[in-house]
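For clarity, chains are labelled A, B, C, D, E and F in written order, and residue numbers in each chain start from 1.
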Amino acid sequence: MKHYDKMDDLIERALHEDVNGYDCTTEAIFTPDQRSEAILIAKSDGIIAGLEVFQRVFKCLDKDSTIEFFFNDGDRVQGGDRILRIKGRTHALLVGERTALNLIQRMSGIATQTQACVRCVEGTKAKIVDTRKTAPGLRFLDKMAIRMGGGYNHRMGLYDAAMIKDNHITAAGGIKNAVERVRANVSHMTKIEVEVQTLEDLETAIESGADVVMLDNMSLAEVKKAVDHAAGRVLLEASGNITLDCVKEVAQTGVDIISIGALTHSVLALDLSFKIISLNL
Amino acid sequence: MKHYDKMDDLIERALHEDVNGYDCTTEAIFTPDQRSEAILIAKSDGIIAGLEVFQRVFKCLDKDSTIEFFFNDGDRVQGGDRILRIKGRTHALLVGERTALNLIQRMSGIATQTQACVRCVEGTKAKIVDTRKTAPGLRFLDKMAIRMGGGYNHRMGLYDAAMIKDNHITAAGGIKNAVERVRANVSHMTKIEVEVQTLEDLETAIESGADVVMLDNMSLAEVKKAVDHAAGRVLLEASGNITLDCVKEVAQTGVDIISIGALTHSVLALDLSFKIISLNL
Amino acid sequence: MKHYDKMDDLIERALHEDVNGYDCTTEAIFTPDQRSEAILIAKSDGIIAGLEVFQRVFKCLDKDSTIEFFFNDGDRVQGGDRILRIKGRTHALLVGERTALNLIQRMSGIATQTQACVRCVEGTKAKIVDTRKTAPGLRFLDKMAIRMGGGYNHRMGLYDAAMIKDNHITAAGGIKNAVERVRANVSHMTKIEVEVQTLEDLETAIESGADVVMLDNMSLAEVKKAVDHAAGRVLLEASGNITLDCVKEVAQTGVDIISIGALTHSVLALDLSFKIISLNL
Amino acid sequence: MKHYDKMDDLIERALHEDVNGYDCTTEAIFTPDQRSEAILIAKSDGIIAGLEVFQRVFKCLDKDSTIEFFFNDGDRVQGGDRILRIKGRTHALLVGERTALNLIQRMSGIATQTQACVRCVEGTKAKIVDTRKTAPGLRFLDKMAIRMGGGYNHRMGLYDAAMIKDNHITAAGGIKNAVERVRANVSHMTKIEVEVQTLEDLETAIESGADVVMLDNMSLAEVKKAVDHAAGRVLLEASGNITLDCVKEVAQTGVDIISIGALTHSVLALDLSFKIISLNL
Amino acid sequence: MKHYDKMDDLIERALHEDVNGYDCTTEAIFTPDQRSEAILIAKSDGIIAGLEVFQRVFKCLDKDSTIEFFFNDGDRVQGGDRILRIKGRTHALLVGERTALNLIQRMSGIATQTQACVRCVEGTKAKIVDTRKTAPGLRFLDKMAIRMGGGYNHRMGLYDAAMIKDNHITAAGGIKNAVERVRANVSHMTKIEVEVQTLEDLETAIESGADVVMLDNMSLAEVKKAVDHAAGRVLLEASGNITLDCVKEVAQTGVDIISIGALTHSVLALDLSFKIISLNL
Amino acid sequence: MKHYDKMDDLIERALHEDVNGYDCTTEAIFTPDQRSEAILIAKSDGIIAGLEVFQRVFKCLDKDSTIEFFFNDGDRVQGGDRILRIKGRTHALLVGERTALNLIQRMSGIATQTQACVRCVEGTKAKIVDTRKTAPGLRFLDKMAIRMGGGYNHRMGLYDAAMIKDNHITAAGGIKNAVERVRANVSHMTKIEVEVQTLEDLETAIESGADVVMLDNMSLAEVKKAVDHAAGRVLLEASGNITLDCVKEVAQTGVDIISIGALTHSVLALDLSFKIISLNL
């Protein structure tokens, strides 16, 4: 609800991009008052995500369109499952189809891959989180899809949490100085994470009062040592080229957080099909 | 140049989404007047695409930033290649890094996959084209990346060409009626494509004056028959789950156009790295 | 429906321009809950066009306003005819009146003049089409009005079809090169038109594969010769200072398309009157 | 200068409407760095108006374009006159040409007709003023053109001056009440005009303290009587179907203000031509 | 009604600024369909102003929310008074609370201070008016609050009335020239005010035809002399550091208008409290 | 730098609100190319804040304007001090004056009051922080001014940190549940603050893992007890009607954070004067 303006704004731009005022085929064939019924079908297995944005595309085009959902966001669907049924003006259904599909297929693809990772780490305390490697303009939806897949969000952007990286450390003259300078500037409500490559730096980061430490591209063995060393004094995040193949082992080191950029930068769209089942209701 | 407003608009929204006015880490460490130098390095092989939008992200943040390109859009890069060198305010480099990378890595991923397909069809007359299955809000860049990878664009959206699909045909009472009704409504400058499943429909579409016919999810053998049947009377487009594995065979049928949705709906980002090489110039 | 966002956006800007938040006269006299009834009357003969945008102006100001139409877009009205009746808040009626009239009077003026031309060419195969010489910001409505008057649209802008003019030809080194270079860049769904002054150029354009050829400012005799020469091999468009006086003769040459800039660049507004017939319902 | 944001906003929308990111013809023929030179030529006599907005269209597309003006806004030009010379990127010149012409031809058409009226009333004290019957979205430019043609502006919209019309008078229970209620609500900086049909109402309006009285659709004789009756106690405005044919006689009645809707609602575009004189500087 | 777009635009920006898509606390605790009831209570005495904008904040978040008002804009409230009761989705109530309060507390603070001044000048003919010293982006609401407090508005901005100040006078070479030059440029519907420091300048301004004269930072005695000197020939405005302490004396000089910048530049927010009285209706 | 787009957006809206395209007085008197010089002078003592936004107002109107600063943001100025000198087009100086002053006077007012509080708590560990009680649309600047006055920011909005208040606690069934539910939803980078009224609740909040606890409207004695009880286990924030009079005593309790709404909801603008010192450079 609170995010409707953001979602609607995105939808309007997406529709404008595709429609630019005019579907020259559909307007030649259908009159504005004709109504149809359509269904959304899964064509492969996965996690469905993005039902609200899907619905709002059609609401933007026909506020009287109605939709019946057979699944909720985050549910697992199988090839052949009917996900929802929608009724509305034929113009709206045909004009909105591609935009709605582009959105829900991407979100479902993200959620599906996220859940695959989440399942791998079940039984450990590790949380799967995203990164800022999202499609420009779609971060809000990309991050919603992560949560729908059972993952968690990292910071939303550069503004809502501090992340001290190598360049900041170099410029500040060391981790300790960097943490202090950031602490002296940010709100008491802002957490500070420090990126480290060694156990020494991990120790310095903890002593400097970092809230979270990111273990950057460390080997499994190094991550394990870091977990032992930190001994619960700070939240530890493993990061860097972690894939479905190795995520379980990373989690078993005892790390708190595992962040995976590929969840959003390299998305495999979930195969879904939109079928008109009744023309001219 | 003509598209700068569109590109800048997209960049501003992407930056706003990531920055929201404030990089709380960088502003605590660097003063506004510090300047740095960075390079962009390829970490795997592929086609680079999106150099202009990459540059404009930094121009938006520091209009005096300067950039030196070592490659052009569409060039093949290899892991380790330096793609460009940029100098500008440290604030701008650190704030713009992620947005710029998100854009260029997606575009380069699209171009890389497109060129792989284009190479497969060399020696045939087939052109590789995209679809409307793009990331909402990014169609313009997705379609630029296709061209940079050696592919061609299909229509930009619902507005610039007519595509008569099954629902239109059903509603109009057949292909002939559908083509006539569309022809009677659209500009004389608008092409009409008809989607068909059978040779009979192909013949009807040709006789009805379609400019292009799309062979929808036909088998290789069917496509071949369609090519023989049409005998050059119309442009033929093959479409439907065509992958790198089969694109060559499809092209060898003699079809004119091969459209591939996965080029833009399931993008594997090209791995690129942005490295500050000199802090405080 | 699909164009409502475009239309509403235009209406909001138009209302903002006229109202800027405040009708200082009406707000001093009427309370927000007073309601009135008004009619729209034709004060001269012509084609009515723009009923939807007229209605939406008032919907923007009072979503509960209701309207009853006695004519449809494209209908001929005569001086004295009641075109519609509207009920709504008095504030909305008085505040929206001028904006709604400015829009519908322009569109009706365009449709009226277009139909005059269309009538002149009845019995020939010529279609009357518009140009890009529209009022900036109003192209969408200007082009709708053309269709409501019985005309057809030329391309919507620089993006949806290619038009090769003298400068392009000079720069490319001739018509053949120009057509080839454009063909090699645009989508297979994009038509190409070439502007020519001579029969030789017409022949070259046809041989180069142009979809449409524009006969630029040719005399009647030249147009006739061009039609004979082309012999149906290409669509022919006559253009350049064609007026109501000569349009019939141009059509009788057998040309396919006649484009007339004055239809939109020099519009005579149709005289309509908005009359409150009952204050304080 | 202060209005640059308004002007630029309008230009961006106009360019977007025409270009939508892509001139598919020009981009196929010219590289981005090619530069050309063009001139603007008058093809008929009139008043030139809109040089600034003309220039800004090209500045939007190529900020390094340069322009040399041979005339100023408000100057009379004759068929064949060179109005200006512009140098810039060929892309910018070809892409901006139509938008720039659409704007300057409309403004020059308005200024030309305005000046024709202004010349008719020379020697009288009457000022020629515009109305709110402008092209939606273009009021700002339409009203600038009026001033460039030697006319004056009426109120900009509903917000900057009060105009009490028949419906307000009826609802308020007479002119006196209406003026009082408006006076009690508006700023002491807001002028109040009252529309009247009779001499009695004129007298009441004057006594009620109206700043201006509009004589609505009165005959010449009635206007003359009204002027005599008012005897300088109030500004008098004649309005209603005043054309070039009768404007002189209306002015000779001694009225202060003559408002003419047709100056902006029915514009005859001034014929101007944009010619590339040197490709590839 | 006419200003809804302006108000809604402002509300959307205010909500965006506070919410940015996500209330991370409320969304973790409440489901989207839970509904609550809340009341607005005065915690000190004053004039309530801004009920419409308060309501519209919640309408933006939950169009089905309902509100019952126990007071009208401009009413005096006392500490403990219930001002309104609202029912709606709990998400909407908690997310909109702060934005709605920020708006209504500022407006009520302005109205309260305005009415205090208005009461001081009762029995004189002086009107209390505002200035352009408003919070950027909120002028519209600030000026509404002034009217709700019983005051009047000065001009809305630089565009709707002319104000000739010292720099204009110097540049024009005296008051007479300045008034003439402005008169020769502005609409006949635009009033002209001149700022003066001496009786001589007051006389010149009157003779030059100024509609209003502002007595800039004059002492009480000087204002009195100016009133006597003008003898009703022009509207007189006193301005400059006028406070609640001296406003009565200023009014008793017989001046027409008293403008007070502090009414909007230094606002003391009225203390109001928003209390959920029933969670989970 | 990174926030220029936000700042410029705000400035454009503020200028639009005041200018609406046209300063009818200044344009009648000055030609566009006249240039002037002005200074900004303090008329009372305080902290100057907002120099950048002040400068950018004029840059928006005249990008070639130049400014020389004699003070930095956060500096103390005394009545009579020259704060800066600016040269630019006279149009720009006169048109931008009021908007620039409205912005800098508000920011300086906030900074002045903030520093007064900061000075009161010197020698204690307490930080003075703001709240979300800012002027809608101006939060970004209001919060910058707090920092310039030596204070710190609380969360920027509902999105960047969690604040569990009474309604959340009631709905969740206690503090423990509320903290757990929020923790289970938000990013590991998001801090959680809990509002408490009693020592028991403080203990529960600490045990539940709250990062910060807000002591809501507690008496000095209660705050002291809370500090003793917490014994450094959590950050403690005192809040509720804290004024300059009592802030020192509150700080002396040993609380970490003191938040004060009045710093931004009831701002006393700092008195500054903008003086043209040379017309027509």
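Simple rule for what comes next: contacts are C-beta pairs under 8 Å (C-beta built on N, C-alpha and C of every residue); 3 or more make two chains touch, one makes a residue touch a chain.
Predicted model only: the values in this text are computed from it and were never measured.
Both chain A and chain E are touched by C, F.
Fewest steps needed to get from chain B to chain E, stepping only to touching chains, is 2. Work out the mean CA point of chain B and of chain F, and you get 45 Å between them. Averaged C-alpha coordinates give centres for chain C and chain D that are 22 Å from one another.
Shown for chain E are the residues that touch two or more other chains, namely 19-23, 27, 95, 140, 156, 159-161, 190. Chain pairs recorded as touching, per the definition above, are A-B, A-C, A-E, A-F, B-C, B-D, B-F, C-D, C-E, D-E, D-F, E-F. Within the complex, the chain D residues that touch chain E are 127, 129, 152-156, 159-161, 186-191, 193, 211-212, 235, 237, 256-257. Note for the complex: chain D touches chain F at residues 1-3, 5-6, 140, 156. By the touch rule above, chain B contacts chain A in their complex via residues 10-11, 13-14, 17-30, 34, 36, 90, 94-95, 98-99, 101-103, 105-106, 109, 132-140, 157-165, 167-168, 170-172, 178, 181-182, 184-186, 190, 262, 265-269, 276, 279-280.
Contacts from chain F toward chain D in the complex involve residues 12, 15-16, 19, 21-23, 27, 32, 60-62, 89, 91-92, 95.
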